[in-house]
């Protein structure tokens, strides 16, 4: 019995340590080139990675840039939908090669992954029902509200920093539903997402966004120690230089959010 | 020559001796009744003869062929035991019919499986199948079950089930047919029909060993009677002698329970 | 309501694709776990001690841990710890890993049902077969198997219907089954976002499929009613 417990403990430790154990003893770029495919972990997230109605192809600002990057490496690109909570495990387990999905560069993200330079700006915004929107136009007016936020999101970090009362939920979409259903007073979600999901013509016509809490930046995540991050930075610089990055951004209406690449 | 010779059979379970040096022989066409109180080892003896138990010691010979000799381990090989079992038939106290087969299928099943081992089975498949069916129907008719062939066991009375079980055992034409208290699980009014069938078999000179508590039946039908007590054969002889003039006090005691009741 | 009617064709198309994945996982699991369960039940009834102990240990571990954890370990462990991502990338890899987890998990549950079924067939059936010169294999297939099946159909039906619903656990390794497909419309997919009704609507698929299964299984039960 003692032996069994010892074995269980050891294997658990190996499992948890291995997340950081990836050593750069081998070039990640070489690994990807050898297998000939860059596997990109994504979620369905317009306008970064999504499918047009009736189409089976992933498009979007991130998706198109990922295709171009893979081409520059001389490999195929393969998009795989992942569970966002498991993104680090997916990377370290080599079931994907990068996370390229409007990922906010937080401390947690940058400590667990090898991240590219920021390429896109975003903000966390407060979402409230439209009929009460006038009352909540600055940070001070927010203190009596109960917020719904995605657990582990940048929005949650902002709300906690302001010492506001909040309920963590599973996804940003759930946070919106809380507000819509009246079970929470307000939500904090990504600006890009808010633009796509609330207001006229969406499922949440009665919601609107008001205060911008914090601006943040998107980056692409690779395995810790991967040399692909540097390769992507060079690719970003080149495509910003020749204007192809801006051209791609214009196609999806995010040109104002682009960060200059040097 | 004796059809069956049993020598010095011993058998223990968990250090309890159930059979202590059993020897007897049986002539072809004889009917042997084994009587004795519960726990005297009668059923274990039958199970040894049918290779359901492995005796610790002893020899079993049929028609002069040694089927089992505990001194010679080569006689206890899984592969050969299956064939040796076919010298004996066994009718259980609780019938043990196969519930998912009809009366006719119960009688035919084992024979059909054995037929597959014949070298010319593939060529004569239909013919063989037909022979087996006709034979099985004939046996069930002998048992008075011509109207019950298509019935499943749960649709039959206990007496009818036991008669199907007898037909099933006869289908393989064993040298010796064994009965393990064939009427003990039956309602009293149903024992008669089963005993009648066994009596008819005796009239046709079928070699049989019958373990039973039906004393008057044992006396009527048997040509030889064995009284077993505490793992030994205490008394053996023709029915007249054992039932009317038992030599042993223990036999007299045992029989008195029945004459009084 | 009008909006829902407009979105319906897109949603149904997505849900159908998701449900196809659910069905695929369901049938592959059944196909693998039904025979594997029988092997494991023989293992745990084996008179060869090490095999018996090993089988019981496997069954104990699998039944004693959540299927969700098994999915995560089976999918991520090879790549994370052994640095050998055996499942490959893309949906096919995820499906293979999910199938392996489900087959192993359900085979263990099935094996215990089989064991109960086999042991509930009276010993007299085997003895009757032996006395009639049948081999152990013949006795198992021609005598005991059907009696065992008759006894295990009700508990099996339970497990099979649970399996239909359990397939949704595979979404933890991002296998895009029907609940994943339904949830996509909450976050936003194919121009529809913030909609929760597609997720609720997936229940209809489960209900209909389980309804069909229930009818088929109770028919099987009736069919075996001809003997007792």
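A, B and C are the chain letters, set down in written order, and residue numbers restart from 1 in every chain.
Methods note: contacts are C-beta pairs under 8 Å (C-beta built on N, C-alpha and C of every residue); 3 or more make two chains touch, one makes a residue touch a chain.
Computed from a predicted structure; not experimentally measured.
Counting only chains that touch, the fewest steps needed to get from chain A to chain B is 2. With centres taken as mean C-alpha coordinates, the chain found closest to the middle of all protein C-alpha atoms is C. Centre-to-centre separation between chain A and chain B, using Cα means, comes to 81 Å. As a whole-number value, the distance joining the C-alpha centres of chain A and chain C reads 34 Å. Averaged Cα coordinates give chain B a centre that lies 47 Å from the centre of chain C.
Residues of chain C that touch chain B in their complex: 122, 124-125, 127-135, 138, 142-143, 146-147, 150, 226-228. Here chain C touches chain A in the complex through residues 3, 10, 72, 75-81, 83, 85, 87, 89-91, 93-94, 171-174, 176, 184, 186-196, going by the rule given at the top.
Looking at the complex, you find that chain A touches chain C at residues 11, 14-15, 18-19, 37, 39, 43-46, 50-53, 78, 80-83, 86, 89-90, 92-96, 171-174, 176-177, 180, 193, 196-198, 202-204. The part of chain B that touches chain C in the complex is made up of residues 50-52, 82-83, 85-86, 88-90, 92, 94, 96-100, 109-110, 113-114, 152-154, 168-169, 172.
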